[in-house]
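First chain written, first letter: the chains are A, B and C, and each begins at residue 1.
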Amino acid sequence: MIGRDLIGIEDLDRGDIERILDTAERMREVGNRVVKKVPTLRGRTIVNLFFEASTRTRASFEIAGKRLSADVVNFSPSSSSLKKSESILDTARTLDAMDPDLVVVRHAVAGVPKRIADVLYAPVVNAGDGAHEHPTQALLDMLTVRQVKERIEGLTVTIVGDILHSRVARSNIHGFLKMGAEVRIAAPPPMIPAGIESLGVKVFTSLRDALSGADVVMALRIQNERLTGSYVPSIREYSATFGIDRAKLHYAKDDVIVMHPGPVNRGVELSHELTDDRPSVILDQVRNGVAIRMAVLYLFAGRAPRSDLGELD
Amino acid sequence: MSRILVRGGRILDPATDRDEIGDILIDGDQIAAVGESLDARGAEIVDAEGGWIAPGFFDMHAHLREPGQEYKEDIASGGRSAVAGGFTSVACMANTHPVNDDPATTDFILDRGEHDSPARIYPIAAATRGLAGEIVTEMSALVDAGAIAFSDDGRTIQSGGVMRHVLEYSKLVDGLVIVHAEDCSLVGAGVMNEGPVSTRLGLPGNPSIAEDVLVMRDLMLAELTGARLHVAHVSSAVSVEAIRKAKERGVSVTAEVAPHHLTLTDEATLGFDTNTKVAPPLRSAADVAACRRGLVDGTLDAIATDHAPHALHEKDLDFVEAPPGLIGFETAVPVVLDLVRKGEITPLELVRRLSTNPARILRRPGGDLAVGSIADIVIVDPERSWLYDPAKGYSKSRNSPWAGKMMQGRTVATIVGGRLVYHVDKGVLVP
Amino acid sequence: MQSEHPPGPGFPRSQPADDVRTILDDTGIRRALMRIAHEIFERNNELENLYLVAIPNGGIPLARVLAANLKQIADVEPTVGILDTTLYRDDLATTSERPMLRLTEMPSAVDDRTVVLVDDVVKSGRTIRAAMDALMDFGRPKIVQVVGLVDRGHRELPIKLDYVGKNVPTSPDEIVHLHGNDGDPSSALEVVVSSGPADEGHVSERSPA
């Protein structure tokens, strides 16, 4: 995988996903040590290119890089005084000149990480592009499910919320399907993307039906501007019809787990009591985030290989 | 007076349904003789063996960007690109800077066309002032200045009331009103066709119904007012059917389709290449099939490129920021030949839609190979294989989804008013 | 995740059966480990302080046998940990594929402990070097000693073994493996040498030597 780009779960096969999850399992142990650092990527340069602001994801990538002893450089073009429109070619060329071993890109518009990857020599990891994909989020979600449920194959995973605008939804749909789960989506009708059944998911507008017998419920974040009339008439109506609370969880399996990519709009997507304790695994998701990103950096960072792996003896 | 003999090609004259091997003799700026083994004395020979000889193609929808945006195209470079593609006449849209809603701008464009362009340039004036969709333009003054039709293309008149008024008023000058049909509130933030592909890519979708509702609205308004309507760049199956039904009812409507909507689907956007971003967007396979059928059965009368140049730095932005549009003069012929290769249309009928019909709709000379007619002629080699590199083309811009692709079929020579202005071995030959 | 590397894919195709030879069978291994346990007992005073650290995958069954032996000989139950050295390798910059990570399980701190690293096959010494670097990140052992079941020579670093099961001269091209390491403690172990160059492009699952 060295030198490959990670643009989306759509480009990975099941073997790739398992490799990343297995590696992340090992990386978790590093986070449990007193000295949370290994020399593995010492001297490597990882550039975080975040066009769209994000404290949590960027911090997670930064911690991951530093735990592997890499040099992490942060670029936030959106915070500079540059004009709003970034020339993709110029950005990629500027990056190339820094000789990075890996570039992490987040952008508000789908496709930018891919376009940069097409031009850049170094591998690109997509940290979220518009509504397209957020592969490391889906990977940490799959890792969390695998840890708690000890498998993914055969589970029923229900994703609830603003599917239309959600890259987390798309990446998770690809990922869980590839790993053999049944995936359902539930959303208010205007938030169901056109032709989404063609991806292989079952579509529901009734939350109750979508939750029936589910092993995993994933609630998505809904943006404020979409709660005030353009897509959904009000917060009250959304949380009554699609918010998850203990009562609604009775339709799911007894050992259902509740997930959320964060940050949670308490009382909107998840009721207050569900956010902190089991069946919520949200904190596990966050912890797994660093491990997954360490695994991704470990597996992908670097340039074209010079020689093959021999025996280290 | 100079003479040219176009020799030994397959003569395709839709005006007389002539499809046979022969020669065409040009004397001065007119066609002097059509037949076999014509006397070549004193004439420059242009060899057409193995190729088609057709009336020069007429592109009734192109953006030449002058005045105002000459960095991406001007009338000179656009004209050269047009003749390199086989187009002897080009009708250019009004969304320039300033907008062509004024006789002075129309006059400027005509003047530039006459002096700088090897192709004939016909300005289309705006239908509403500033393209703002509110107040009708001075159609009578614009026609006097030389405008050949009216269109707000680039924008759409969103208000039904205003469109009705525009159509009514156009009857004063028996004008043709060309509509770019898109209901903006249904387009929303859409940047590509709404469907399974936009869902996979996570890009906001522009549903085909945004085109359909506006096409249907304007068809009904045309029926009500009796005005002459032309629907630009049809891309949706439902719109094709609506136009078909309207024609059956006797509505005075014509329509055009672009080469990209006849061959590319929204799957071309996988990979996020902004050179596949166009308005209306590339649509589904079913829409493409319907457009092809519509072209063949005559529902869609003409092929028009909607040549829309944009600079590299403009297309090098993210998919939402990048402006929509593709250049099209030099790729139109090989792309639309696909319909001939697949047996869906005959060469003669294809030529009719590239040449005769546009000329007829716009009521301009061209589109036939009769003795005495203006000598606007194109020679096409339908088999010629070549690699398309927009950097080697004549347009100032390079935004094409066919960049780097092998093309089959090419214009090999273009003659405007009896002058050889382009030959594939020598390039554009004027001024 | 085992380091099992049975004959088959990964072995050079042109390999005739008699090119594989067992240099240490199960009986030999167990005798060597019993002797080594006695040597550890002999050399160390504070046996309660012992911390056996296995280098996966081959070191794991060996460390467990050593622990059982020490219990038998000296009635002590040394702590047994597992420390993967992959993240400390010095050759990651030159590889075309990142090696699989193996288990790390260090149940106690290493500070002030007598750490005995346990590896199956030692050749260049780089794995032991990596293990020491890893160990230092876990704390400050009082003493570090090294058990190598098989020492095949060809050192590239100044690493010495404190306890050796068997010295086996080999050519650098040969491959030396611990077989039978399948997680079942009753499986027979054996150390096998095979000839031929290292596999091209094969991401090694084999125990580092």
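Here is the rule we go by: a residue touches a chain if its C-beta (ideal position, glycine included) is under 8 Å from a C-beta of that chain, and two chains touch if they have at least 3 such contacts.
This one's a predicted model, so the numbers in the text were calculated from it and none came from an experiment.
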Chain located farthest away, centre of chain C as origin (C-alpha): B
Centre-most chain, if every chain is reduced to its averaged C-alpha atoms: A
Rounded Å distance between chain A and chain C, as computed from the means of their C-alpha atoms: 38
Mean-CA-position distance for chain C and chain B (Å): 75
Euclidean distance of C-alpha centroids - chain A vs chain B, Å: 45
For chain C, residues that touch 2 or more chains besides their own: none
Chain B: positions in contact with at least two other chains: none
Interfacial residue positions of chain B with respect to chain A in the complex: 194-196, 198-205, 207, 271-272, 313, 316-321
List of chain C residues in touch with chain A within their complex: 84, 87-105, 109, 121-124, 126-127, 130, 133-134, 137-139, 175, 198, 200-204, 206, 208-209
Residues of chain A that touch chain B when the two form their complex: 10, 84-90, 107, 109-112, 114-115, 129-133, 167, 170, 193-196, 198-199
Chain A - residues contacting chain C, complex: 1-2, 19, 22-23, 26-27, 29-30, 33-35, 37-40, 68, 298-299, 302, 305-313
